[in-house]
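Below are structures written as structure tokens.
One chain, chain A, links the two complexes that follow: it is found with chain B in the first and with chain C in the second.
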Partner chain A sequence: MVTSTTRQRSAPGRAPLTGRARAVGQGRTGLLLLQASTVLLVLAVWAALAAAGFVSSTALPGPGAVFGRFPELFGDGAYWQAVLDTLRGAVTGFVLAVVVGVPLGLVTGTYAAAERSTRLLVDVLRSFPVIALLPVFLLVLGSTPTTKSTVVFIACVFPVFLQAQYGARSVTPMVAETVRGYRIPRLLRFHRVILPSATPSIMTGLRLAATTSVLVAIGVEVLTTLPGIGHEVVQAQQGDASATAYAYIITAGVIGYTINLLSQVAERRLLRWRPPAHTD
Partner chain B sequence: MQRHLKARGSSLVVDGVGKTFGHGADEHRVIEDLSLRVDPGELVCVVGPSGAGKTTLLRCLSGLARPTSGTISYGEQELTKPHADIAVVFQDYRGSLLPWMKVRDNVAFPLEGMGVKRAARRERADECLAAVGLPGVGDKYPWQLSGGMQQRVAIARGLAYEAPVLLMDEPFGSVDAQSRFDLEDLTLSLRERLGITVVVVTHDIDEAVYLGDRVIVLGGSPTTVVDNLTIDLGDDRDQLRTRAHARFADLRTHVLTLIRGDRSAAGSADTPARDEDTPGQAAAVTESAVRR
Partner chain C sequence: MAAHPSGALWKSLLHQLWLPALVLAILVLATAGSTSFYFPPATDVLATLWRGLVHGELVSDLAFSLRNIVLGLAIATVVGIGAGLVIGEIPLLRRATAPLLDFARAVPTVAFVPVIILTLGIGSGPKIFLIALGSLWPILLNTISGVHGVNPAVHETARSYRIPWRLRLTKVVLPGALPQIFAGVRIALSIAVVLMVVSEIYGSPVGLGNYILQSGSSFAVPETWAGTVLIGMLGYGLSVLLLAAEHVLLGWYHQRPPRTRRTKPRNEVTPSCSGI
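Coming up: the complex of A and B.
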């Protein structure tokens, strides 16, 4: 039993495929084809709508026009600068949220009293719509990159904090009893027991926060004069260059999708200890 | 009685212990005025019907829970929290092995808590895995092992802790019959080789009689000690011969009668039951009466 599970785990690309594995492989290719054709279908509908002229070509240029903008944009330093500005704001806020949210969440999640005493404050704070707070930050911090990172931080810190807290609470009573019975010291308990127990939940929080960080960074750029992708979208739209605006929007989408892929890879690596039933 | 010359550690003494759960109208007295003593090197089995508070008693013995009344002491010291001399093997081995750690790290984890260096930890963990008959599985994760193997890992972790006293809570309850026999014999041989004190809490009367130097029978409501039997089957136990022995049948029938009598007549059946039941009947009754 042990050997067979081990073989199954290391199967991809090595051991000859069994009947079932081949079927799964076929299913995967089929799925990819299906997914690709859905994307193509949407593009086709988009192209048809644009060509039929239901919507004016300034409001909705066809996919050809939009994707045709990319070669030029890729050669343009301003495009990369905008991407970089957005990413810098998003990543700074996100990293701060992780550095603050994860330890606080783990500590408050471990001690019931800390969790109970902070619950009201956290619930009130996280209910504030972060974009509505933007004018306040503009007033206090001015229209600076710091404002962007701060707003991103505030938007990201709550999902990270709450997921870490929830994760810390997921230490099973049996594990807690074992750790106590074997007199494991507090620090060791934190990084060898509570942190790994909480990792699946923390990863969910990080994935949420990572997507949110880009979203909020772009939102702030749209609403202020801060440079970045959001700013370029507004500029292009106002300059009647809607194809360029859509190209930037697609860029934002690609960034979001890439973040999702990366976090999936990170999650799979960090949670390698889980039985296969969980990872699939 | 110090059974082994090499026996380490101190005596575990339970004196007039009671344990109550809940408050006010919900108050439920599980254990009352329970006293027992386990000396260094002994293998003592605590047997009792389901719901008799066996696990509660073991949690108190390990310092994980405090009795409501009475005292538990280890040597000169009153036990108020887990002690470095006492290792616990829990009933729920699946839940008590840390799934994110490889088997070797699980076994070595208590040593990590004691500040033992990495290389020494590895070596000690591998020794203990070999001692429970699991050499070469250190790099696997717990879920890659069968239930019986996982429970061996939990025992190896208890051994790695190097505590003179090993407490086991229904340790073989959820493994298959063959693994169960193997684990019982493993427990006997570890006690013999290492001179450790072992307390096994079980609902299985046959297991208690087969393993124990003594069997402490719990019963009544609230639970207390009904009998304290010395098992005179010698040191050399064998799954086939010992279990076929007439004396084994006598002892098991005696314990069974205590437990059943306790159930039907609330502790009035104190009569030793020698020669009343045939071993065959007794075995059948054991299964139905004691299974949870």
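Coming up: the complex of A and C.
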């Protein structure tokens, strides 16, 4: 009962159309047309704003100028290098965060005492804005790719940890009692009971962390001299090429959007055996 | 919490406090008399923090940062909830804007920091704008999904009784969406703190971000750590305040038995869940 409502909310595009919704859009093509025209409308407003000159062209170049930069950038090795640099830092930190965060989260989530003991500590550490550690890391580690991955790791480990913990706690008492009653060995219990029931929640954590990783990597690049998309934005803006800066920002958006889509697909494939209860 | 007998309360406090206390003790002991340049004794850091707060060199930085966060977040909340209510209430609009809003959320606001600050200046206006811009998306998207998630039967009932729209908004739609909205504001708060720090490190004459940058680049390590700790405390303090507001406004929601909840508080371990 609960899952069916969540599912409807979580994937509005896929939910069976209710009478009202069917009357609204004439099927898929109508919806796509509608969405495309909304995008066009926003682009038009953007162009009008840029042309009207309310905002200086260095702060907001027109869409024509921005998208006109892409053909040249695509042919430029530096562009792909920047994308690769950002992704490398993000992925390294992300993978580390998963390797550390998931097991720790599962263990602390399984044992109530461990969860209680770590709660306050994790709460405090989690609300810590990681990027504020950057000056300290720059002092200790210097301006190296390690700094970038470390900051990304710290930013990603908490969502992963908390979601794994949450998932492990979601094992229903009945199942937990049954496992206890049959004296299932500990390792088997983790592998066959806790991990599967925590997977939906873990996937949510991975999705959050994946988005965060790119965000933080770019943030670090903006503030340091480390190469990557963030650094390119700074360079372009300082060189009065704000159209290029915007092109890089849009690139970052496309990366973030793609990660979101990919993780949704992965989530659906991995969890095909059960309704998506923990998505939002 | 209030329902607990006080003995149980103390016990649960003890359960939660021993590890943080242990970690703090280890930190203090491990760094006591430390001669390492990068890791000064924790007591030195705390003393520096205390001095800065009492003598006022940190107070103006703190006030500047706090003001930017609060103003930016307030603007984002008002705009986000307002626009979210409209978009969520009109199905056509919601479906038309969905991909656009998803993309907008995926664009990292930190990348806008150099563009905005280099063109609009290092004052607090551009920073508030950046914080509002970054915090807007989670609030907006969560409001939309909260409004959309209000039980259709409730909606139809309100409609068939011809409840005036203003009453419907304040008594049906807004309360129904409030749990989701709060989840959005909570995400927005963490984004706001990050943007505050980044925008101040990037270019600012005052602020906590500027403080840690300046002290870091002049190798005043205890000051850097003190500023970093203060930012952490600021982030935690604001999230506790938000949680308190949520408890006041959403008490009715958390008191419902879990089975009838529409949504769970996202990845959040609120004190109210401690018994479950």
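Operating definition for what follows: the second predicted complex is superposed on the first by the 243 of 280 C-alpha atoms of A that agree within 3 Å, B and C clash if a C-alpha of one lies under 4 Å from a C-alpha of the other, contacts with A are read in each partner's own complex, and residues count from 1 in each chain.
As a convention for this text, contacts are C-beta pairs under 8 Å (C-beta built on N, C-alpha and C of every residue); 3 or more make two chains touch, one makes a residue touch a chain.
Every value quoted in this text rests on a predicted model; they were computed, and no experiment measured them.
Undergrad: State whether chain B or chain C is in contact with more residues of chain A in the superposed arrangement.
TA: Between chain B and chain C, C touches the greater number of residues in chain A.
Undergrad: Return first, second, both or neither, reflecting whether A:81 touches chain B, chain C, both chains, or no partner chain.
TA: A:81: touches no partner chain.
Undergrad: Applying the touch criterion given at the start, work out whether A:249 contacts chain B, chain C, both or neither, answering first, second, both or neither.
TA: second
Undergrad: Could you look at A:183 and tell me whether it touches chain B, chain C, both or neither (first, second, both, neither)?
TA: The answer is first: A:183 touches chain B but not chain C.
Undergrad: Examine A:264 and indicate which partner it touches, taking first as chain B and second as chain C; both and neither are also allowed.
TA: Neither: A:264 stays clear of chain B and chain C.
Undergrad: Applying the document's definition of touch, where does A:205 land relative to chain B and chain C: first, second, both, or neither?
TA: A:205: touches chain C, not chain B.
Undergrad: State which residues of chain A lie in both footprints, the one left by chain B and the one left by chain C.
TA: Shared contact residues on chain A (touching chain B in one complex, chain C in the other): 2, 5-6.
Undergrad: So in the complex, which bits of chain A are touching chain C?
TA: Residues in contact with chain C: 2, 5-6, 9, 12-13, 18, 20-21, 24-25, 31, 34-35, 37-39, 42, 56, 58-59, 113, 116-121, 123-124, 127-136, 138-140, 159, 162-163, 165-166, 201, 204-205, 208, 211, 214-215, 218-219, 222-223, 229-230, 233-234, 237-238, 242, 245-246, 248-250, 252-257, 259-260, 280.
Undergrad: If you look only at chain A, which of its residues touch chain B in the complex?
TA: 1-2, 5-6, 172, 174-175, 177-178, 180-185, 188, 192-193, 196-197, 199, 273-275
Undergrad: In their shared complex, at which residues does chain B touch chain A?
TA: 62-64, 82, 84, 87-88, 90, 92, 95-96, 98-102, 109-110, 112-113, 137, 140-141, 143-146, 157, 161
Undergrad: Which stretch or stretches of chain C touch chain A in the complex?
TA: 12, 15-20, 23, 38, 91-92, 95-100, 102-108, 110-116, 118-120, 145, 148-149, 152, 190, 193-194, 196-198, 201-202, 208-209, 212-213, 215-217, 219, 221, 224-225, 227-228, 231-232, 235-236, 238-239, 259, 261-263, 266-267, 269, 274
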